[in-house]
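The letters A, B and C name the chains in turn, as written, and every chain counts its residues from 1.
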Amino acid sequence: MGEWSALAISQGVRDGELKAVEIAEETLSRIETNDPLLHAFLHVSPELALKRAAELDERIAKGEDPGRLSGVPVALKDNLCTRDMPTTAASAILDGWIPPYDATVVSRLKESGAVIIGKTNMDEFAMGSSTENSAFGATRNPHDPARVPGGSSGGSAVAVAASLVPLALGSDTGGSIRQPAALCGVVGMKPTYGMVSRYGLIAFASSLDQIGPFAATVADAAVLLEVIAGHDGYDSTSLDRQPPSLLDQLDRGVDGLKVGVVSELLEGADPAVAVQVRLAAETLANAGALVEDTSIPVLTYSLPAYYLLAPAEASSNLARYDGVRYGLRVDAPDVESMNSRTREKGFGAEVKRRIMLGTYALSAGYYDAFYLQAQKVRTLVINGFSAAYESYDLLLSPTSPTTAFPLGSRLADPLSMYLSDICTIPSNLAGHPAMSIPFGTDDDGLPVGVQLMAPALGEAVMVRAAAVLEAAESHLSGQQRRDEDEQ
Amino acid sequence: MSNEFETVVGLEVHCELATRTKLFCSCPNRFGDEPNTNVCPVCLGLPGSLPVLNEAAVEMAMRIGLALHCEIRPSVFHRKNYFYPDMPKDYQISQYDAPICVNGWLELPDGSKVGIVRAHLEEDTGKTTHVGSTGRIHDASYSLVDYNRAGVPLVEVVSAPDISSGQQARQYVSELRAILLATATSDGKLEEGSLRVDANVSVRRKGSDELGTRCEIKNLNSLRSLARAIEYESERQADLIRQGLEVVQETRHWSEDEERTVPMRSKEEAFDYRYFPEPDLVALVPGEQWIERVRGSMGMLPEERRKRLIEAIVRPRSSSEPTTSHISQAESDAEKSSDETPAEAVLSHVAKVVELGLDDLVIAAIELGADRRIAVMRAVNEAAADPERARHIEAGHFAKLIEMEHKGRISATQAKTILARMLEGDGEDPETIAAKEGFSALSRDELVEVINSVISANSDAWQRFVSGDQAVGKFLVGQVMKATRGRADGRAVMELLTARNEG
Amino acid sequence: MSSLDTEPPSASEQISVEEVIHVAKLARLQLSEEEVKTFTDQLASVLRYASQVAALDTATVEPTAHPMAMVNVFREDLPRPGLNREEVLDQAPAVEGAFFKVPRIVGEE
């Protein structure tokens, strides 16, 4: 098999040099070989994928152009509704549920010729940072199977990192795309809030959730975002504007751009991570950007505000899993007990914890001190960013304060797990785009991700810088490999 | 209720809007369809679905607000969180502290005004049918849920506690209903549940400014139960106070069969709805231009229409009116007397005419010279059988019919028959119908002849009439009507009988 | 401005077992005794941390409910066919005829 990138595959398939069926078969065989260990997938649909690929090949033979992702295998996080595959959000409460409709992003992928391969593992209802909170077992990091892949979109990150698929979609509420991308060494992007329709995304925290791409390269991530972005009449919070043009921005460089390195987000990072962020800053400076340290003190309040806002919205979003219309039911003599027993059995510990936290934050007597105050802190975070973006085009930080941690190491202490998202949460609160780019490794060879943040709708500038870092990274790791070989 | 207490009532009325689709999805908003057929991912609350606001529902809420003299304000939707199986998301999307309409009033036909605190948009729930246990109390009874109604748009109109009796509450709801019909925002059917009324009732000693402890009364399925429930409840509360007991704040249920309110069985669980702004919807900010466009598109409201009809009824005939072209001077003199006598009785029907939507027809007929009393009576009695069709009767035909009756060319009974034919909607002229039916009023001579034969056939009755038994007069008139098969005019018969007796 | 490890002037120093039980009832979660105990400790710890938000002066700050300020997003009042009833009922845990079936609702008249 040649180059395993979405752009190369699509080009080959459209040109008739590659067959979509062969690509699909290769993908399925990679999954069959590697997934028993990694457990990136909750569901794989070989028949559907092969049938779909054959249809695409036929259309191409007839001279049709199925679209920009012709024949490209794509994996979907299991919180995206698919009408022909089960969709569980990795929860026992939705075990076996088959939605009667496709999420808007799924329709758009199909319209662009993509081949949906299956559904990936995740933390239950996207609540977690390690993919250990799945009701169907944890996913392992391909760089070290004893470690977590990050989360909540761990399955999608691993599917791309292990080259099972070239592209995957995840969702990012507090870092759920970027943090696993960093821990697995792939590119992960959270677009501007409203850029991608949320219709068909099983909600965690509606005002923070956003769907975004995973890919091995910045260019692949850019093309996937271009395909799924754009206004959707089924999502009231969808931005009414043209999808961004990103692919044609990638070689524009960063000459003259101003980049701020956010000191508050660097403070708590492991030295190995901080070193890579410094290197990335240097790389951008060498490419002509003006890089300096900056401070946005209010960002330190992002995490506490997030752990009030997100659970509050979640407590309401997850009320519907009551055993009446779909999913699990535990029988009981009356409705209230039926609801309570169903939810007790169907939800995992982390989900219950957040429902409890959110219910408490919204309840009478605590609303003002917790929920309302957190909403006001959200305003202050937005203001803090706005002030920074008066001076800078982009901000740079670690994606995660640490590299991949061992399975099980943070499960006992929820707060320690929550701290994994300390660098990613601010962009969710602000609704701004941000992405993680692999940049070097720690001493154990585990990937480090650096985060680029941009103001609302700043994706185009963001991917320019990402492309510069990517080019330098492949040069560096090539250098590193040569150094190691010489030793 | 005794003199020492007064009743204080505030009403919450839920009005189902007459949109084509639901509030947040494109499912048909239709009553009476097969269960669970008008459903989609959104109104079933399926995971991943999102609400998108129906613009027509917003405009209807604005129309209702404007008709209630409310201020139309920027508003926000909130989630009201509580579990109930007929609520697919286990929260209701409603408006909480920023409703679209605030601070209005509603003027009742008697001229009194009731304040409107707010009117806001929210989604309806599905329908639960409770399948009762037969016999054993702890038996496994269960419920069935139909989500066709889930997500249907509602406007909840909340009145100030300005209502002081069951009767006034009834008038308030009738008037609100008339406004909903006039603004084409709801079909206002209490029986089908498209209008649902809850009453907050309290009592206080006369002259007191403080509000007493209130009870919320539910299950008021008709105007009659509304009035009776309020009367019953205020009497119950007054009794408690008289006995030195306290009124407990609670929700009570109007039991139609027992004609009393009973406390609803409710769990001890305190309600905590955990309202917060609905993150899946954006703010609703009606601009000045939009508000004015909606205002401009609204038809005349019942209050204005009643005033217009009253003016038409009491306005003296001027010589410039086309009256004389239809009616001779002598007849018009006669008309005047009949026109003026029952003015009050006629005016008492004004609200009804407007409610039926027949005011345009009546006014047009009056302007064409029709007798006002007859025009109003035929509208509220016979035309009311099918107001929809009656609205399409040509005013000229209606005026002609009334003229024929008024001039005695046909009897009242015959006029009613002709009107019924006209309601069948063939657009036929009343004279044509009269000819086909062979209708004509009897000449005076013919009538006298019939009366004579009735008198001789019922000499006993006649004797009683002569000796002053007025009641028996009705019987004699009836006999004459029977003999003429309705061609006689009842009033004329009575006049002739009286004249003969006196003569 | 305080940093992450500063002890906040907390609105609620901790959450009691009774409150945990009350909240679980509101959220319809029939927690085990064990869970009540664990959650009481864990929620107290998270809430202590989250209480840091109280340290910021927000007297003149408007709350943000939406990251992107948008208004007046509507749909036209045009009906579209919904879902097939069989498909919908197929996914339900219990049905009777054309209806979803649920156990007895306590507190109903």
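By definition in this document, a contact is a pair of C-beta atoms (placed from the backbone, for glycine too) under 8 Å apart; a residue touches a chain by one contact, two chains touch by 3 or more.
This structure is a prediction, so every number in the text was calculated from the model and none was measured.
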Chain whose Cα centroid lies at the greatest distance from that of subunit A: B
Innermost chain, where centres are averages of C-alpha coordinates: C
Inter-chain pair with the most contacting C-beta pairs: A-C
Rounded Å distance between subunit A and subunit B, as computed from the means of their C-alpha atoms: 57
Subunit A and subunit C, separation of their C-alpha mean positions in angstrom: 23
Interchain centroid distance [CA atoms averaged], subunit B/subunit C, Å: 42
Set of subunit B residues in contact with two or more other chains: 41, 44, 52-53, 83, 85, 140, 143, 145, 267, 272, 274, 276, 279, 281-282
Set of subunit C residues in contact with two or more other chains: 26, 28, 65-66, 70, 73, 75, 83, 88, 100, 102-106
Residues of subunit A whose C-beta touches two or more other chains: 97, 100-101, 207, 233, 236-237, 315, 319, 322, 324-326, 333, 335-336, 339, 359, 363
Of all residues in subunit C, those that touch subunit A in their complex: 1, 3-4, 11-12, 15, 19-20, 23-24, 26-32, 35, 39, 42-43, 45-47, 49-56, 58, 61-68, 70, 73, 75, 83-84, 87-88, 91-94, 100, 102-106
Sites on subunit B touched by subunit C in the complex: 19-21, 25-28, 34-41, 43-44, 52-58, 74, 76, 83, 85, 128-130, 140-147, 219, 253, 264-267, 269, 272, 274, 276-277, 279, 281-286
Contact set on subunit A toward subunit B in their complex: 79-81, 87, 89, 94, 97, 99-101, 103, 198-203, 205-207, 233-237, 312-313, 315-316, 319-320, 322, 324-326, 333, 335-336, 339, 359, 362-364, 367, 371
In the complex, subunit A residues that touch subunit C: 97-98, 100-101, 192-194, 207-208, 233, 236-237, 239, 268, 297-298, 300-301, 303-305, 307-308, 315, 319, 322-329, 331-341, 343-344, 347, 349, 352-353, 355-357, 359-361, 363, 366, 369-370, 372-380, 382, 414-415, 418, 429-432, 456
Touching residues (chain side subunit C, partner subunit B) in the complex: 25-26, 28, 65-66, 70-80, 82-83, 85, 88-89, 96-109
